[in-house]
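I'd like to ask some things about the structure below.
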Amino acid sequence: MDKLYFTSDYMEGAHPAILERLAETNLVKSAGYGTDEFSESARQKIRAACRAPEAEIHFLAGGTQSNATVIGTMLRPWQGVIAAQTGHVALHEAGAIEAGGHKVILLPGRDGKLSADDIRACLEEYEADENRTHMVEPGMVYLSQPTELGTLYSLAELQAVSRVCREHGVSLYADGARLAYALACPENDVTLPDLAALCDAFYIGGTKCGALFGEAVVFPKAGTVPHFFTLVKQRGALLAKGRIAGIQFETLFTGGLYEQIGKSAVRQASRIREALRAKGYDQAFTAPTNQVFPLFDDAQLKRLGERVEMSFWEKHPDGRTVMRLATSWATRDEDVDALIACL
Amino acid sequence: MDKLYFTSDYMEGAHPAILERLAETNLVKSAGYGTDEFSESARQKIRAACRAPEAEIHFLAGGTQSNATVIGTMLRPWQGVIAAQTGHVALHEAGAIEAGGHKVILLPGRDGKLSADDIRACLEEYEADENRTHMVEPGMVYLSQPTELGTLYSLAELQAVSRVCREHGVSLYADGARLAYALACPENDVTLPDLAALCDAFYIGGTKCGALFGEAVVFPKAGTVPHFFTLVKQRGALLAKGRIAGIQFETLFTGGLYEQIGKSAVRQASRIREALRAKGYDQAFTAPTNQVFPLFDDAQLKRLGERVEMSFWEKHPDGRTVMRLATSWATRDEDVDALIACL
Amino acid sequence: MDKLYFTSDYMEGAHPAILERLAETNLVKSAGYGTDEFSESARQKIRAACRAPEAEIHFLAGGTQSNATVIGTMLRPWQGVIAAQTGHVALHEAGAIEAGGHKVILLPGRDGKLSADDIRACLEEYEADENRTHMVEPGMVYLSQPTELGTLYSLAELQAVSRVCREHGVSLYADGARLAYALACPENDVTLPDLAALCDAFYIGGTKCGALFGEAVVFPKAGTVPHFFTLVKQRGALLAKGRIAGIQFETLFTGGLYEQIGKSAVRQASRIREALRAKGYDQAFTAPTNQVFPLFDDAQLKRLGERVEMSFWEKHPDGRTVMRLATSWATRDEDVDALIACL
Amino acid sequence: MDKLYFTSDYMEGAHPAILERLAETNLVKSAGYGTDEFSESARQKIRAACRAPEAEIHFLAGGTQSNATVIGTMLRPWQGVIAAQTGHVALHEAGAIEAGGHKVILLPGRDGKLSADDIRACLEEYEADENRTHMVEPGMVYLSQPTELGTLYSLAELQAVSRVCREHGVSLYADGARLAYALACPENDVTLPDLAALCDAFYIGGTKCGALFGEAVVFPKAGTVPHFFTLVKQRGALLAKGRIAGIQFETLFTGGLYEQIGKSAVRQASRIREALRAKGYDQAFTAPTNQVFPLFDDAQLKRLGERVEMSFWEKHPDGRTVMRLATSWATRDEDVDALIACL
């Protein structure tokens, strides 16, 4: 019997519509480095979706690259970035932010989320410290929507965070590696125009949301980082055939494909969550997006492991194990049916 | 009448065989970060082509990224890299090497090539300098095959450079952004096994040789850079869907596609070179690969510019302009016929 | 009535013996960059005091510079340094470690000290993590003796930390900015030879222990960092007149001056501590060295502040304020008498 | 017979007036990090000498540190610094500028000096380059007064360089490691007020001009680099006992000591130059300051080497050797008499 794969949301190639469009446009000749017509069209569609007609948009290849490039170029040399302890930049980017010269200032977070109050306290403590000229200045807040634990900031929460940042002159940056799954979530009330209004920069994830690769970095206000194009090049993040990213985002933002990809994955994840609940399994986080975090005891783990591929997340203090199952645009009804049958 | 495009070798998508293979494998589930079966198969094929069964191979997205990652991780903090003044790392990578902390030590070069004698002189001068502990140690030699001017190192030249490097304990790294066009050149006598035998690292270019994107970094000796995988991640150069690069290189190294791509482009470039000669135009460099560097006076430039897209290269001291025309796998007979008709 | 100054241990110039020796040697001509006879003599005396005849010793100008240079050159690019949350490198060096490309991995610590168990847990967690190739590898442990809170590692504690480090192949580095005050402490059982035996690097503080400036970086094993001299130069930390640091350390390590400076300051601090206890004041840490951390309520603070200069340390949760008083070689009996009279 | 030492201008301690003042002030208690009264007094005296009442002044420990800190903090990440091929930052600072992330853009220079025309050509070439967004932007010009070859910019030359810089929006920074010897030179017509008017930053050298250590970094316009204090700390260049540098500069700028030190050394160097000329020796550069660059053949070198310590500079193409002799405030008439007697 075949294995069932729920290891991650980047196990397949790309949504078929993307491959079709790449084939269709393959012999069109275009200029390099993202100055082509496809990339420009993708930018226009994203600007429209964000209701941010002046936004500056760049297509980069991956999430760590986008985070390191945006954070490293927006911060000034005496500044660091505030992140939750579970934040991707804090844990799983091999020290990319520090390699770029900046401290990641950790706050505990709750269910993967920073609170406006904790951020305010951190900023006020710095501002009040007599030794602050010997210290790293918090210059930016980094958060993920959805978070690394699959949870969501509500609009009210994001507005509160944004307000604190603006009151203290600190930038707000949102990592949208899995943004499609947030946008598609019934529980979600944060739209792309909200992100554009509340953040100084964010990226719309492609790699984990149906593209071969690619993230769309959005600066709602053009010129936020002077010479950003050159800095992207300097960091080895400029794609010679920029069109390949452009065509993918053009496709994702045509006919509602990005939303559709998100919806399909969230629906499958919700089916898994309901089945887990129905069968009496606990879940570690109230994650409504495309990631599911069940708790299994050793016997369950052994039995399920024979049939289902999933990711180890962490040991729970009570001895059980938190695992992660992820769905994607490619997850089919029958895959989830088979999984549920195993539980 | 349509424009004729000879601006660069990255104006189209990818060789159709690559798109087909991406479509064919699209729904196969695989592990991320280059640990998938496609990437492993591509590595095996490249090892075989290089006759380097122990080689360590990583797939990165682009040339500047590959150069910065390899050079930055092979050099120790007190070292710099020797390059020709026309070298890509010296001029057109936005200071990526220096941003990584290392000096590019410039030697004049001839027709874009470093000579073993100049390198030896540079190394001996450093070694003899009483103040060398206050100076940057040359720790690596960077060269391009073919060079940025489309010229080629002969095997004898490359052997001489390699010998100097090894005598002085200095690494040798070859940038193969356009390697397919060198390998396909009748004038060329440097093979992939030669590169593997003579260099400590090199990369086989995909982006400019028919792929959507991607370069295969080859360390003939595995473990040359400890923790290279993590350092690739730290630099934002690790592809989550590593398979996309792997599938492309697997395709390029199946059935001789990489050679075929090179040959086709070189044949078209040679047709252009012959026509230029026949019609009395001078060429700036004796470049036998896929780039052609004709000299035009202002009247010629104006006339041709109405029909042909090419790249400005540099002003010649005599007032004429050196232009660059590049061919690729996608250049057709009729494109070159039409170009020749214009000359 | 004059103010009483207990703000820090670097409020005066240098111990008079140092100024005398500088004057005495002023016209002797010597080579630059620490290759002079005075520096060599100082190295020999330090080697003898550490019973480390093979030690490699460099004189740098200050503590942050020493920390950033040693940590930044001992760590490899994929590594970070473990420190207590109260560690100087974590808080008060303006992000110098991160500016050099490395993460400071925070552990909570107790009274400013790391425990061997916490370090072991951190190392084992990293080693067991399936995603560790996407993470920063802990490559070094940083601790301070005495700590930033004036507390001391016992020999048993330091041995335990050293054992864990060696078992896991991780370096151990001790910041000895105030080492004289540890060595002079009756409670202390860690000697210079112990530090040399247990650490891979440490520095013997001069700036805060009676010198005009200067720290002696000691690598018990010569060659620990290849090309360290050049890296010191690259970081702008090489003194052209290296002799000025050399002469100071030669003086400090002649006739027991370093110990004498420590003893005098610790004796005065102990008098303050006893007086505080006698008068019913609490102290925040059990700090036996030259720093005293009394808790004052607002009224006390106001009254004492009119006469005594001290440093704000932190607000205590109970509303009182932790202040810091520091003594030095220059603190006189009458200064402490006057202070005690105020309490 | 004793050796005669002309190896460098940093072979002794400090001018006796500095040691006296350090002794005199030794027990005065003051605040740290350059916020003390001595440093403030030194700043006022330097502002007066520069007729730059608004200047921001920081005292750093050495020249490489000052260069790396000023250049690294004034440049933005996409920029590099133009320097002469003989510039100290280009050759003898162990790659400190590149370690800070920035390219040193080399221009040939003449007798160690950059010409305004060469700078303009370099800036215009960059501005006209179609690929400039893939290139390092020249963001600053670095020059030394006197140069590394002991030569001087005339006021007209410096004005021309400054004009080009301002026309192109590029900063101008002058390295004054040996500035006392320029200011004291009869041939010199560039004053401190000229430097303050024409440069965006410069430093007044102490280490090579009679101090134990220390350079005064001057920004004629305060706030040129935001958060400069914190960046100095981050680079390990902040002296805890900042007063030690402050006292030295206060002394150097009291009663004309800095000029007097310069004049004495230049007078002795001029005596050597005249004797060389009278005895028929060639000199490599027309260097009117405290450095002398005679050409010796092998026999002369051998004979003189037995009695005189000097520095090797370079081999001359004609087989002779260029040596360097340096004088300082400590060079006495009898030393020069003895040297001349040897020639």
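For clarity, chains are labelled A, B, C and D in written order, and residue numbers in each chain start from 1.
Quick note on the criterion: a contact is a pair of C-beta atoms (placed from the backbone, for glycine too) under 8 Å apart; a residue touches a chain by one contact, two chains touch by 3 or more.
As the structure is a prediction and not an experimental result, all values here were calculated from the model.
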| item | value |
| --- | --- |
| Winner on C-beta contact pairs when A-B is weighed against A-C | A-B |
| Farthest-lying chain, centroid of Cα atoms versus that of chain D | A |
| Cα-centroid distance, chain B relative to chain C, in whole angstrom | 51 |
| Chain centre separation in whole Å, for chain B relative to chain A (CA means) | 33 |
| Distance from chain C to chain A - Cα centre to Cα centre, in angstrom | 42 |
| Multi-chain contact residues (two or more partners), chain C | 77-78, 93-95, 99, 133-135, 230-231, 233-234 |
| Chain C contact footprint on chain A (complex, rising order) | 77-78, 80, 91-95, 98-104, 106, 130-131, 133-136, 312 |
| Parts of chain D lying in touch with chain A, wherever the complex brings them together | 73, 76-78, 133-135, 137, 226-227, 229-231, 233-234 |
| Touching residues (chain side chain C, partner chain D) in the complex | 5, 7-8, 10-14, 16, 19, 22-23, 25-32, 61-69, 93-96, 99, 207-208, 212-213, 230-231, 233-241, 243-244, 330 |
